[in-house]
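Okay, so subunit A shows up in both of these, paired with subunit B first and subunit C after.
Entry: the complex of A and B
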């Protein structure tokens, strides 16, 4: 059952990712990217990491994809132009994939079998974030706030 | 007897599952899920049909008309007539539309709304899919609606559709923030993201007759009102139907849809409204708990649907009463009023919790909410000058 689900999700994710790299119209590529994110989230669900999967959908489909779509709309003029099938996209995607596979296969971690983990509840994750990892969490919050304020300052109209 | 009626659907499902007792485990799980899905679809599609005619009747009553009364008794068969009409209409796809995107958009909108319905507890032991982190699932699914609205607007290749989609995304992104932040105090007080636990935490009565619903605490009442307003925006209902704005941009992102696709947009909108109302009932109105101890004999699912019906009635009532807001008003309201009030809710909930959840803590919590409210209304109204309106083009 899990094996079949894995193969199905893998095909879906890979096809969506390939479409995101190779489709001619930018908006289609952005939407395929959202579909690929959903596929990755499905992998997390399959592995029992519900929380990460939900956050994956939340952040990548709900925020990043919408952001990309907005950026394309607000900056591009040649939206309707079809650039044809993007072979360079396929080539770059395959190159990055090969590089990643090479790096993963070379790493020493792969040879030792992972310890099986008890499935985590959201509560445990929350407690870990609020106790052991509270400083990293706060630092990330400060960095993101600084980025937000910086972006606003950059685009704000100057008033005299 | 009341216990039997309370669990009648749960037992019916167990009877069906007992017939497949010999089947392998995965088949049993699959059948169990399928039963849940079929029940969910059957209930909410019929509720959609019922509400669509009730809405027209109630709006008609508000506007001193009769409303649909030709098809069936009191016009109750109107949805069937509407459905047949929508089915036999021509499905027009603009020549220059992006066909695939144009086709997928209504499907995705309805799909996400149905998925969101799956995590709500409809009665005692009656949660279709109880996943740990169900509240997060609801919002994760809800956040994908923006993308499907965008797909509808962009795929139509029409300037009105695009304007409507841009408006819809802008207001949905803005109001998602207060919507989620008003949920936080509930999650913090209960200490769980599982809807069943949240409902269970609201059981029981103080002094024998005051239910422990969160809407009866100061932070809960504020949170509920903010949640309701944000829910109106998220489901694009009047007074926040700026994305549709019939008088300005035809029908927004739905301009280029006809026939059954248009009906599916409506289905998605209504199912989204049911889902967000159901979540409000779960979070603030005590879920399936009865309001008074001696009313406990009424089945729990009946209480849930009674509360859901009341919420939907208020949605319709608001639609019949208020005019449409302006785009800039909608955005200003979200960022300048809703968001600070939502943060005040978190603070008030913390005060309520750490002061011992007693009557005194209730008053302290009310104090926090009122303080922020009056500070906001003074601060926001301070720099405002009401000059006579000047028209640039129509003078």
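Entry: the complex of A and C
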């Protein structure tokens, strides 16, 4: 695994995520969120899970970011107003981060380097999805169908 | 320098905390959804890191959980954004401080 690539992707991802959390203009924040998703997908590629990286790009950049932009455009009249910023959230997030880093650094056995990767092909993933993981796959299908029907019902115009 | 599991865990906890920051401190409902999506992505990154740094060849458990988590995240985003639009139609605002009644 390449250290320079790790540092580059880490800086890119964290900068994009910070921009998504802190930028004032909502549409800029949504685009920064798409950039941060691309960074996370790059991490998946770096870790040898190419299929998951592709799924991440398709779902997050292709679907979720577009949905967010659509929502921003549909609720446009609200954009001009200043929504304010809650500073106590910064302290809570910093405290959680400090706690997590303390726990990670205290744990032994986490500093081992990766062993050479036994390649994981899409064929293997498909076979696992159709054999060991067939019930979770069906449940995800039901959940996605229910969620999309529910979303449609929620945004449908009421008839009086 | 070769990145270790520790570095990946610290990075994903940083991503998680940025998502937490967005979810806690912004007043706009869409920002909160962006923060939740970022927290879910950080959790998926953790699963992939543990899968990669475990003994090889590993069964693809971490990969499977991440794929399912991405599917759940897509469903959650669809329902959440639909809720934002529905609330906006009713109350003409997306500021969560002004949405303080359950009456339709």
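Some notes on this structure:
The working rule: the second predicted complex is superposed on the first by the 115 of 160 C-alpha atoms of A that agree within 3 Å, B and C clash if a C-alpha of one lies under 4 Å from a C-alpha of the other, contacts with A are read in each partner's own complex, and residues count from 1 in each chain.
Here, contacts are C-beta pairs under 8 Å (C-beta built on N, C-alpha and C of every residue); 3 or more make two chains touch, one makes a residue touch a chain.
This one's a predicted model, so the numbers in the text were calculated from it and none came from an experiment.
Of the two partner chains placed by the overlay, only subunit B lies in contact with A:27; subunit C stays clear of it.
In the superposed pair of complexes, A:51 makes contact with subunit B and with subunit C alike. Touch counts on subunit A: comparing subunit C and subunit B, the chain ahead is C.
Contact with both subunit B and subunit C is seen for A:63 once the two complexes are overlaid on the shared chain.
Residue contacts after overlaying the shared chain place A:87 against subunit C, while subunit B stays out of touching range. Touch criterion met: A:123 reaches subunit B, while subunit C stays clear of it. In the overlay built on the shared chain, the residue A:15 is in contact with neither subunit B nor subunit C.
Shared contact residues on subunit A (touching subunit B in one structure, subunit C in the other): 1, 51, 55, 63, 70. If you check the complex, the residues on subunit B that touch subunit A are 26, 98, 101, 131-133, 136-137, 139-144, 146-147, 150-151, 154, 166, 169, 173, 176, 191-193.
Within the complex formed with subunit B, the subunit A residues making contact are 1, 25, 27-28, 31, 34, 50-51, 54-55, 57-58, 61-63, 65-66, 69-70, 73, 121-123.
Of all residues in subunit C, those touching subunit A in their complex are 1-11, 13-28, 30-31, 33-35, 37-38, 41, 44-45, 48-49, 51-53, 55-60, 62-64, 66-68, 70-79, 81-86, 88, 92-95, 97. Partner subunit C is touched in their complex by these residues of subunit A: 1, 3, 6, 10, 13-14, 17-18, 20-21, 26, 29-30, 33, 36-37, 40, 43-44, 47-49, 51-52, 55-56, 59-60, 63-64, 67-68, 70-72, 74-75, 77-78, 81, 83-90, 92-94, 96-97, 100-101, 104-105, 110-118, 120, 124-125, 128-129, 133, 136, 140, 143-144, 147-148, 150-152, 154-155.
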